[in-house]
Amino acid sequence: MTSIIRVINPNSNTGVTNGMAEALAPMQFPNGPYFDCVTLTKAPPGIESQADVSTVEPMLAELVQADTEAAAFIIGCYSDPGLALCRELTDRPVFGIAECAILTALARGSAFGVISILANSVVRHMRHLRERLLHLHCAGDRPLGLTVAQIESDNDTFSKMVETGKVLRDEDGSNVIILGCAGMARHRTALEKSLKLPVIDPTQAAATMALGTVSLEIKT
Amino acid sequence: MTSIIRVINPNSNTGVTNGMAEALAPMQFPNGPYFDCVTLTKAPPGIESQADVSTVEPMLAELVQADTEAAAFIIGCYSDPGLALCRELTDRPVFGIAECAILTALARGSAFGVISILANSVVRHMRHLRERLLHLHCAGDRPLGLTVAQIESDNDTFSKMVETGKVLRDEDGSNVIILGCAGMARHRTALEKSLKLPVIDPTQAAATMALGTVSLEIKT
Amino acid sequence: MTSIIRVINPNSNTGVTNGMAEALAPMQFPNGPYFDCVTLTKAPPGIESQADVSTVEPMLAELVQADTEAAAFIIGCYSDPGLALCRELTDRPVFGIAECAILTALARGSAFGVISILANSVVRHMRHLRERLLHLHCAGDRPLGLTVAQIESDNDTFSKMVETGKVLRDEDGSNVIILGCAGMARHRTALEKSLKLPVIDPTQAAATMALGTVSLEIKT
Amino acid sequence: MTSIIRVINPNSNTGVTNGMAEALAPMQFPNGPYFDCVTLTKAPPGIESQADVSTVEPMLAELVQADTEAAAFIIGCYSDPGLALCRELTDRPVFGIAECAILTALARGSAFGVISILANSVVRHMRHLRERLLHLHCAGDRPLGLTVAQIESDNDTFSKMVETGKVLRDEDGSNVIILGCAGMARHRTALEKSLKLPVIDPTQAAATMALGTVSLEIKT
Amino acid sequence: MTSIIRVINPNSNTGVTNGMAEALAPMQFPNGPYFDCVTLTKAPPGIESQADVSTVEPMLAELVQADTEAAAFIIGCYSDPGLALCRELTDRPVFGIAECAILTALARGSAFGVISILANSVVRHMRHLRERLLHLHCAGDRPLGLTVAQIESDNDTFSKMVETGKVLRDEDGSNVIILGCAGMARHRTALEKSLKLPVIDPTQAAATMALGTVSLEIKT
Amino acid sequence: MTSIIRVINPNSNTGVTNGMAEALAPMQFPNGPYFDCVTLTKAPPGIESQADVSTVEPMLAELVQADTEAAAFIIGCYSDPGLALCRELTDRPVFGIAECAILTALARGSAFGVISILANSVVRHMRHLRERLLHLHCAGDRPLGLTVAQIESDNDTFSKMVETGKVLRDEDGSNVIILGCAGMARHRTALEKSLKLPVIDPTQAAATMALGTVSLEIKT
């Protein structure tokens, strides 16, 4: 029987959820675990403040506790909302996409740069990094100045990402780039080519770690 | 066409190579990348000293440079010999199993413990950890007092691993355990059950990261 | 007009709230700010898990936003629930009792020890400390193995605190002790005498900082 | 009987002493401890070098040992001269204004900036910060290029403080500002309004901590 | 003309000064700089407290300023009293024996252990180490419980040093040992043989660095 | 009998070896140890890549093992190739010139700057520094953009060194400068005069430490 990895988009923007499913398609192997991307429909359209984080945490807790089917969970927001909470509520593995992105980046480079959505996000990211004692590995975290909705719709998103990525690479000294939002995945390959540096999409990073964990649990 | 991930056992112990292939079988998906485990036949039977590290580095460099087929490389020894060297010689991703194990462990717990083979290994591991500024995340690194060959053949290996794992968990405060040698994979599941903590096999950790990286390169 | 410092007990245990008011009485000066201790009546009886933290955060946010009278807020739980959240929602100063206790302790000693309620609390405290990059100043954090309710009622609470305090002092090398729960204040003076070390009550530490801040705002 | 907190200005500039008394007036509560600000009359007119630090240390030691009346001491110079020395000589609490300012700032922001008097001061401050392992929390320390005497008399002092504060805020990323000299207190409120960031006067920060400590000692 | 390196024993114990001269004899080369060991005759018999440190600092300043002959200075006490002060007063190199011992130890091992005289010394050493951000390299610092005078006269000094050294090596994991007092030099060779670890005498370490610095200044 | 300190230039550029011998002449004392500078004749002309490091390590191991005469060894390349390896193979002291330069610099200043040959070298240096947990003491590491051969022959080498040194001093805040290559020694004195900061030649720093170590071994 196929194992299910529940990938939770904790905002109500289904465009982001669809983008995640698309981003994970290359890792959807026959006989492999199934990545089921779901939307927290009552959540705000984007996690853009600490208030948004606080709003979605009980929803995530409820979803994880009610879900007896999934072999593992992925919380699909670069603020990793509710990560400690959900881990307290289940013995099954719970992966945060920011945590996995950072750890995956460190297997590709020694100093990562983050492309964030808003200046406000950077403050949350710094607390997140310090809590994991990984702040010294961060060369820079620079915002595009776009909301989650604008990331989805804005025609200039990619060119702004390239511009920000170049500053992270050339001024801050990053040798690997992290996309600091679940909604930027479709630009990953093009950005990698443009910057000539590895670019990590956080949902893909978490999906990779979940894939390994779940595959080994069921078969060995 | 199937992508190939070359998994190099840098010691000449084919038992270890076979153990790696077995450990990676659950991640060998139809249409997924192929994990090809190879042995450095002229290498020493185990990497048990800095001299062994130094001996195999030029062999690894030669192998990586001659191999135009692989999409990615995994260096399958917990000392990560030649990692910086091989990365200098190719643009394709090169994964070290120690580096990947540590980073994967930090997605499962906040403080890892390492089960090593010899007291001498611990000294090398500490330099490796410090170089990556991840020494503060290591709760303990304790040797079994067995060589690579003994790990393979010794009947007491598993019971010694359990005993060491309990000390790492109960005295050192580890909440995730890393197998500090490529030759311990077959004990992973049983040890996880015995210690009731996640146990990370380094080759599987590196294979997971390589799988994600290579899948995304070819398909997105 | 007298300034008001709202001291919020984010659990529903009114015994803890009363204990806070008693602990702050010596700092209730004529013409000074008034410490108004209030209870989050719909909150759980103690903050003993990440789920409890997550439950009270929206309640704290609502209270802070609705309160247009207070000159400053104190969140009266050693997990500092909702601290970043409330700071985002108001320009008035918000003090967390854990944060203030730690910073106050460092004005009295170089290495502090924390007496916690439950083993589970220590895990939350460590994340809290790391986030502030103050983990290297913590000599130890040891649980009594008592819930908030038991702290209030248990006859042995004080003797267990002395015992734990001695281990923090003699084995861990603490030269200042922090009471890791808002409900231990009435034992502070006796513990200080017993251990012959400064003992910091977190609510008193936060009240002191709030007193200074508010006094200077209104009068200078 | 009223407790006395002896606030020692370790330079001979009585203008600085008077400024301290004025700065502490809002915390002089009826029935509260009395802040008695005194001048080290034989000290140099400002602590502007390591030689000045060394000169005043024995004077501070003598004063503290001879004073059997005070409940606590505050050393009123941002180099915290003689802090370890005086703590060795008395069991009563001794507060350093730099130490208290830094710890108080960290209850208001995550990264502080310091406005210093001379370039030479910055070097002393860095040693002071490192000794407390709080150097990573300092976003910047920038000198005005004014002596203690000039701070007192110079008409441009405030405009230079605003200019320096803006650089600390906008270029260095400080989210709380510390006045790095006991003689800048009268500019605190105006600077806070101008920079729209909390501004900490070190003497007020130490007086606050002393007030809390002494109030709790006498009444609980 | 021969260069002079002034080695200042900042206590008044001439036995210590003579021991220094004896310890430096092997580095007294024909045509090399001359190590002139002098005693601060008005100083206390040992630097055993912060008060002692504070007492000798002005004496050291006076000596350094009056001495126009020496090419370099060594402050011969493991608390490095007056090091920042003397460096402020002269452009000639000033070496602290604790600083030099620590740095020299790190060229021989990765984790040093210190044999101190009194428990009180350890507190001073920790501040000294933190100020230099070298505290993570210290595996342990353990006192003999002997004053400077007792170190000189006690028949059991060596056996206590061996005992303490074994704890630093076997329990704390030190792989190099530092003698934490200028008066232990005559036991260095025997202790090295007994512990089978490099043992660093601080005066010899500072003399070595001064020798190199002065030789290169005069001849290149 | 005279002790011999074998100083190994691990590249085949005899100009560098001769420069070393010249740099060490001022420390060649009558009756002191003899610095014997030798060339690894089969090595590449410069250590300019990780591949070069890997190439010379077995040669260094062979040389050290075959040499039963030397009292100590110095590995004369700023990448410290084979340092852990050679230390594993002999009980005699082995000094790395980068390690000794860094430690010596920290006895002269609190933040060092490194003048490197190539951008590529900086990456190796950072790994080297992190491994020793001394990365926080490095204010900057800036390349000249010259190979080892060009350093030897280029007429502009000195003016480029001055220019780079000024940036390390004025922009990065270095208060001591390290020459990041064994082939720059002849410019040390002039650079020191030009920058008005201590300048450390790594071979001289290692020779000084070796001189002290060997002198004390033979005579005490």
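Letters A, B, C, D, E and F name the chains as they come in the text, with residue numbers starting at 1 for each one.
Methods note: contacts are C-beta pairs under 8 Å (C-beta built on N, C-alpha and C of every residue); 3 or more make two chains touch, one makes a residue touch a chain.
The model shown is predicted, which means the values in this text are computed figures rather than measured ones.
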{"item": "Label of the chain whose CA centroid is most distant from the centroid of subunit B", "value": "D"}
{"item": "Same-interface partner of E-F, chosen from the options A-B, D-E or A-C, over half of the pairs matching", "value": "A-B"}
{"item": "Subunit A and subunit F, separation of their C-alpha mean positions in angstrom", "value": "45"}
{"item": "Chain centre separation in whole Å, for subunit D relative to subunit C (CA means)", "value": "26"}
{"item": "Interface hub residues of subunit F, defined as touching at least two other chains", "value": "110, 127, 132-133"}
{"item": "Complex contact set, residues of subunit F against subunit E", "value": "23, 25-27, 29-32, 93, 95, 99-100, 103-104, 106-108, 110, 132-133, 136-137, 188-189, 198, 201, 204-205, 207-209, 211-213, 215-216, 218-220"}
{"item": "Subunit D contact footprint on subunit E (complex, rising order)", "value": "49-51, 53-55, 57-58, 61, 82, 84-85, 88-89, 124, 127, 130-133, 135"}
